[in-house]
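Each of the two complexes below includes subunit A, the first together with subunit B, the second together with subunit C.
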Partner chain A sequence: MHVPDGFFDAPTSVATGVVAAAGVAVALRKARAELDDRTAPMAGLVAAFVFAGQMINFPVGAGTSGHLLGGALAAVLVGPWTGALCISVVLLVQALFMADGGLTALGTNITLMALVGAFVGYGVFRLALAVLPKRVGSVPVAAGLGALVSVPTAAAVFALLFAVGGTADVATGKVLAAMVGWHLVIGIGEAVVTALVVSAVITSRPDLVHGARGLAATRRPLLAEEVSA
Partner chain B sequence: MRTRSFLLAGLLVALLVAGVGSYYASSHPDGLEHVAQQTGFLDSADDPKDTGSPFAGYETKGVDDARLGGGLAGVAGVLLTLVIGGGLFRVLRRREAPSSTDAA
Partner chain C sequence: MGAGHGHRLHFHGHSVVHRAPAHVKILLLLAFVLTVVATPRDWYPVFGGYLVLLLGVVVASRVPLRYLLPRMVLEVPFLVFAALIPFVAEGPRVVVPLIGGLDLSLSESGLVAAWGLAVKGTLGVLASLTLAATTEPTEVLRGLQRLRMPDLLVQIMTFMVRYLDVVAADLGRMITAMKSRGVDPRSPRHWPALARTLGALFVRSYERGERVHLAMLSRGYDGRLPESSAS
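Moving on, here comes the complex of A and B:
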């Protein structure tokens, strides 16, 4: 979903740049609470992994492809603020070194994929986790649901931005319907990849999954009580 | 699995995905590009600006072989992301009070 230079007019690019800068500034402060000696290297790995994952375009039919956006995945693994920063770093590297996503569109891309992706993904993840059975096995399912919703939501935000500041004159309804439609299908791929990766990490190191904290940690105090009893 | 082994295993997977797996990825336009084409605003895209990076377009300047050039660009991207992201998160992290048992 990388927006190139030229899709949006200057005021819109500046506005999304301001939103992105503000979001990243807040995230830089809030991420401190999510990062310690153990989770900081994990967060670096998550960013690198999302970069790799974004290179794998999977076909979704009619000569179209999609790839992992990773916002929900990163938010569940390392927390929403750190997750948003992970995706921002990925987008920065792509824009600076890979010519993927325009430099003037960096703010738009951070807004769509890092902020909307991570926070919508994490919000839906939390909601799903509140409804699902309280066990570790629910975490990958909830993460997949967060991923599923995050992609078409980011696509819808793109279409709304396009209505405001798109340089081409195309009917908003047409762009919105096409963007959300295709990204619903891409969202299914996002959900599958996100659930599988979260599941794999939980299998080997549940303590490194931010979104599994309350669930994975309940075992340890119980064991301690059993021992002392 | 120890934290160090876990992180190394994860990095190895990322390097393999970007360095080898990416060659087999679909080359069809992605969702946004397809919609832009279909609804008629793809032409409003400007050509990407040259930042002087040898990896523009997920290729490697001077390497003609698509598999090798793409793989090198993928590996470079993963490592750049790891260094920039890892460095940022290292700076941001809360330092724990120095304890004699924490050598990791």
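Moving on, here comes the complex of A and C:
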């Protein structure tokens, strides 16, 4: 799933690298504002959760398998900035420690999966939530819609990047159609799993779901109150 | 960090490559892959030179190739993509006669592009694997710190690497429990059960993060990790 080295030319790789670095820098600041000194352990553990979730492979036919991308899921569960940050950390760790995804393509991967994945997912989620009835039950549906849109959107951005800095002379329309079509199928699976996971978390700990704030009765852990006092 | 969290790719050794400082290795890897990506793909002999250089490093690291090669499978999906390019790319075409009177029409520029993707991707994966196989995760983190990566980002990565196996093992036990009750986590029919598992895993991970944070606070954490904690 991760773009390897050499897929995009050097200028595109550097440009997406700059976009990714800027995005991660802002996400770091926003996440710290949201989590203060809890940022490092919380974001680290959520990143570990996303990574573990990605280890479950689903057969998608033709002998290949896909896995959860988790951009929309993370954005709904912990907020778009922390979510984007966690996915970026997952991609960084995969590139540096597991050789999954090229080092020069790291910027592209972060831009596509962390930034586009989390923010498009969260944007659609917010829009859907504004339209759907104001109930906790709407949150998983909106999260699923966010995932449904975010996956093909990331694929479309990939196709556009390929038109600008791709290393093969393939008509943009063909790449776009193939990528978006294929990822629409993946997006449906992603949407179903995202909605079900969000729904499961809301059932047990509604206070943990960032996207359900204001809708679910908040239940703050007693211990945290006492320590901060 | 205690033992038992050695990551999957690390190959224990004491070669020159293993002992080299991590930040130097990260910089060299970055320079190498950037050079490979920036090299025009029709400079065919140059890629042979890159491969010889890379294999030289692998030999010096004493990590057997049969350890690295099976781990390169993760680039297979993109090799498939590369293999499809000659069929769909534009430009003049070459016709390759096949047995049985069938002809295969392939785009010339597509063939060159596929070669470029395959060779650059493969060199990149092999180079990254060499870093991962010869460098302990904690060393990579310390190298990133020396390269002035934002401290908070290094901290988050440290926590992710530290708890990766814990969370993955947590999930592994849940999956085992599911399977022993007749659930196939891969089948869409059982996605609701899988989703409840993942939801529980999220809650567990989040609560573990809260406990870790409280434990750190009680030991005087002020937003920065002490020097020795990376070891």
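Quick note on the criterion: the second predicted complex is superposed on the first by the 200 of 229 C-alpha atoms of A that agree within 3 Å, B and C clash if a C-alpha of one lies under 4 Å from a C-alpha of the other, contacts with A are read in each partner's own complex, and residues count from 1 in each chain.
The rule we apply is simple: contacts are C-beta pairs under 8 Å (C-beta built on N, C-alpha and C of every residue); 3 or more make two chains touch, one makes a residue touch a chain.
Being a predicted model, the structure only gives us computed values, none of them experimental.
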Practice item. Label the relationship between subunit B and subunit C on subunit A in the superposed model as either fit or clash. Key: clash
Practice item. Using the superposition on chain A described above, determine whether A:H67 touches subunit B (first), subunit C (second), both, or neither. Key: first
Practice item. Mind working out whether A:L196 is in touch with subunit B, subunit C, both or neither, as first, second, both or neither? Key: second
Review point. Touching A:V141 in the superposition: subunit B (first), subunit C (second), both, neither?
Key: neither
Practice item. Scan A:M98 for contacts with subunit B and subunit C and give back first, second, both or neither. Key: both
Practice item. Considering only touches as defined above, state whether A:I186 meets subunit B (first), subunit C (second), both or neither. Key: first
Check your understanding: Now for A:V89: first (subunit B), second (subunit C), both, or neither, which partner does it touch?
Key -> both
Check your understanding: First (subunit B), second (subunit C), both or neither: which does A:L28 touch?
Key -> both
Review point. What is the contact status of A:F158 with respect to subunit B (first) and subunit C (second): first, second, both, or neither?
Key: first
Practice item. Quick one: from 23-31, 41-49, 95-103 or 167-175, give me the piece of subunit C that collides with subunit B in the overlay. Key: 167-175
Practice item. Touching subunit B in one complex and subunit C in the other: list those residues of subunit A. Key: 1-7, 28, 32, 37-49, 51-53, 55-59, 64, 85-86, 89-90, 92-93, 96-100, 102-103, 167-168, 170-171, 174, 204-205, 208
**Study point:** subunit A-facing residues of subunit C, complex
**Key:** 7-9, 26, 29-30, 33-34, 36-38, 41, 71, 74-75, 77-78, 80, 85, 88-91, 107, 109-110, 113-114, 116-117, 119-121, 123-125, 128-129, 131-132, 137, 140, 144, 150, 152-153, 155-164, 166-168, 170-171, 175, 185-186, 188, 191-192, 194-196, 198-203, 205-206, 208-210, 212-214, 216-217, 221-223, 225
Revision key, fill the gap. Note: in the complex, subunit A contacts subunit B through residues 1-7, 28, 31-33, 35-53, 55-60, 62-67, 82, 85-86, 89-90, 92-94, 96-100, 102-103, 155, 158, 162, 166-168, 170-171, 174-175, 178-179, 182-183, 186, 204-205, 208
Practice item. Spell out the residues on subunit A that touch subunit C in their complex, using ranges where they run on. Key: 1-7, 9-10, 13, 24-25, 28, 32, 37-49, 51-53, 55-59, 64, 77, 85-86, 89-90, 92-93, 95-100, 102-105, 167-171, 174, 189, 192-193, 196-201, 203-205, 208, 221, 223-224, 227
**Study point:** Partner subunit A, residues of subunit B touching it in the complex
**Key:** 1, 3, 6-7, 10-11, 13-15, 17-18, 21-22, 25-32, 34-36, 38-41, 43-46, 48-51, 53, 55-58, 73-74, 76-82, 84-90, 92-96, 102, 104
